[in-house]
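Both complexes shown next keep chain A, but they swap its partner, so chain B is in the first and chain C is in the second.
Moving on, here comes the complex of A and B:
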């Protein structure tokens, strides 16, 4: 990504110089070797801290809810998967498209620091991305990884390298496809379980939830001004899961609420400190919607009505649940 | 005085402790390591450097019942259904978490004493475990914490297949005396001292080993409070609360009433100054924007707490927030941005 890092930076500097934007939304290097902080740059000088590499996984679209309401125009950097979230937010009128200059940028998969650490890596001093290799230097010695082995789960079933929105695109000469699995593969495994096994699986996963809200707050589809779980008057507001029912409910309600709007950007699972595979809940909904209403990709464009927000006479009837045997 | 035994005997040690008292250990469940009550089927992970949530939860659980109210006709009965006290040992606490107990004590044991917290503190024997392989996120050293020689009622080390134990307090002496059938006096203390030194060498080489904290003192409170850097520091913050929920020293809680249908369950739950409704009252939210909420968390750790507590910082450098913030924003970045670079 080194080649396009330079191109993106040049482009951003140019946009500042000709006055087309007064801010650029990108990433800046944080304190550890792998920390990349979503950041608003307000001048060409500030771009000194700009970075684009394998750790720039954060989806920037959601910040536009706030930033597109500020004065002036902002340029935003969108990876292919982020461009779906961007479209969905435009469709929901949550961001002001006219105040945004969207630059689609290339992506060759983003690295998962947790996978690197799970391999026993500690006290990291520096990390080198070298083509298909990632070399980690630590105080206890070096470790070499095959890049593909330490990519985020979402990158292994990438939606494709084509952007679905953008005013301009900055792409690499050689584009790398990281897709190695079908995104519904793990959902099928869950579907093949007995209801008891499946319940056991989710209980075990959700029992780890510390209710930190990172999944919700990072989610571009979770864009309510006040979440029902923060609303004292709703009767379900909570700052902790006090029992198993609450552990389940928070996630089930959230999955329902983003159904048909979730673009499968993978941010929830990426940020969950407990590594709960939240994407599997969302993908189950996506798969069901595909099967019941025909294939639908949330965020593929800014106009099409979502299957759950549209009514057609041929729509699935509620009786479908019993037809399916109630086990799915 | 140091004692020791072979690490293979750890399960026997756990069983012996648990035969008398409840025993909390870092235990893995569904891939997550937390301090949990031990039983024979537990998967103990003494090698885990930092549990996801800190050891604080053993003394200040994420949520706990305080009292219940039941209505029958015109009568309201008040039922104390808080947890019944029991003596316990918490084993495997890292030096940073051990220090966090001192920080929490100053809050919860000061007048008015928090009896729920105090009961658990009184009932606890804290056995710490020295760190062997600190991570790049660790910066306990900046707060005068020695990860190679942790505090607690007793301290433990694992070196070359052997567990060393040293009692530090009366409770620690009692703890060790109950384990006499497994422990023997250690005569090779030099070996242990050498191991401590090599860990200290690593601690000194970690990337955050020497942060400059000079600016963070009471005299500079308003100056820091009004620093324009808070705006850009906080701009990526999601207001999620991950940092506060994993932090060993975050101490804020909310008291809530849950309508059970036939009465009220009053309980307390951790709260986070990062949340949009934190300390919200009828008059509104005193910190209406995320900049103010974000500032609060770090001002509390680095300025307000030390001002009220003999210059002791309210952070122990465990690095959990560094590792877990979804946007990679954390206290180290705040210290470096506001306080300048290395000494």
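Moving on, here comes the complex of A and C:
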């Protein structure tokens, strides 16, 4: 990853030097060793703070909605999974493609700090990535991890290491495949439960929500100018008065609003402070769409119509669901 | 919460029917003028097209105590706006599948195509749906665990 970091920085400096862009969208160091903040760099000097490592998980494409409307060209760094969101936003005319220089960069899976902390690591001073090893230096000594064991859930069922869009690519010599499981595995597990078990599962998960709106703010598909849940009449301003099912409903409707547009980038689950497995809602829609309306990958290109903005006269009837076997 | 029992203590379901203005709503009218009966538990909400039904409406209905929700629209191919019901069909199929995934009984939701000329069918559909919901009994209460009043 160190060589890639060098190459990206070099490229960004070159772009500033020849004046082809006036800003670069990347990540910079945050307060802690594992906090990486999406950030706009406006000059080669500012690139001093630039960083690219295993914690640069944030999907930068959403920031382009605002940034691509500013003056001048902006260079953006896209990991393979971010390039799907990027394509989807281009398709929806949410970002101005002409104002963007997209650089596809290599990704060998991003690290999950919660998995590292769950192993009892405290007082982290620095984190070293060394190939398939992650070494955490703490006040109480070093701790070694196998990289594969501390990856984010979404990286374990990675969509692929190939970019679907970009003007230029900076890739590593030896590309690592982190995929170890099928992304619908967990959805199938839930489907196999009884309706009562599922009801209990979702109610306990969704009842953890503190409505911080982090999932909504980070989601590249959630880009309405005014969100339906920000309606003053619904009582958002007076939280105590809000209906008792409001938080649950927020997640169900949010998942529905992004159905057919969600690229399964997994940002919602990553940023959730309550660790609600929100990606399982989105993946259920993706799975259903694949099964009912043919395989569809949101963001794979910039032309095809989304499954919910399209129809066939011979589509399945909704009674298909209630006629399904099993209890209830 | 609405009262859901009759004087003899029998369960009386609360059913919300979203009816398209151009077909099922007129179908309900025809059922009325033809002196055909359908259960009074069915509360009809007129919408301009079955496609107008937002998934939020269905969840709100359940949240506010509905036991069943039925959406009635024009037969596929006969939409007043040409294609509205085709979109509604895809949306509702996905939504119903999601409700099932969330453990909300999938047999409490239904989509039926009823034209303006099908007064008899409207009455049959509503009678059948009301019978079905009465058999299923009261719906689970959709609420946040944190708002649960008693720990039963």
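The rule is simple: the second predicted complex is superposed on the first by the 312 of 328 C-alpha atoms of A that agree within 3 Å, B and C clash if a C-alpha of one lies under 4 Å from a C-alpha of the other, contacts with A are read in each partner's own complex, and residues count from 1 in each chain.
The working rule: a residue touches a chain if its C-beta (ideal position, glycine included) is under 8 Å from a C-beta of that chain, and two chains touch if they have at least 3 such contacts.
Here the structure is a predicted model, which is why all the values come from computation and not from measurement.
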{"item": "Partner chain in contact with A:293 - chain B first, chain C second, else both or neither", "value": "second"}
{"item": "Touched partner set for A:271, first chain B, second chain C, both or neither", "value": "first"}
{"item": "First, second, both or neither for A:303, with chain B first and chain C second", "value": "neither"}
{"item": "Which of chain B and chain C A:122 touches, first, second, both or neither", "value": "first"}
{"item": "Partner chain(s) touched by A:207 [first = chain B, second = chain C, both, neither]", "value": "both"}
{"item": "Which superposed partner A:253 touches (first chain B, second chain C, both, neither)", "value": "second"}
{"item": "Chain B versus chain C as contact partner of A:32, first or second or both or neither", "value": "first"}
{"item": "Touching partner for A:232 - first (chain B), second (chain C), both, neither", "value": "first"}
{"item": "Contact residues common to both interfaces of chain A (with chain B and with chain C)", "value": "204, 207"}
{"item": "For the chain A and chain C complex, residues of the former touching the latter", "value": "190-191, 195-204, 206-207, 228, 243-249, 252-253, 255-256, 259, 281, 284-285, 288-289, 292-293, 307-309, 311-313, 315-322, 324, 328"}
{"item": "Residues of chain C that touch chain A when the two form their complex", "value": "55-56, 59-60, 63, 76-77, 83, 86-87, 89-98, 100-107, 109-111, 140, 142-147"}
{"item": "Chain A - residues contacting chain B, complex", "value": "30-33, 35-40, 58, 63, 122-125, 138-140, 204-205, 207-208, 210-214, 216-218, 226, 230, 232, 235, 238-240, 242, 270-271, 273-275"}
{"item": "Residues on chain B engaged by chain A in the complex (per definition of touch)", "value": "29-32, 49, 52-53, 62-63, 133-137, 202, 205-208, 232, 235-236, 238-242, 245-246, 254, 256, 258-259, 267, 269-272, 275-277, 322, 324, 326-330, 332-333, 336"}
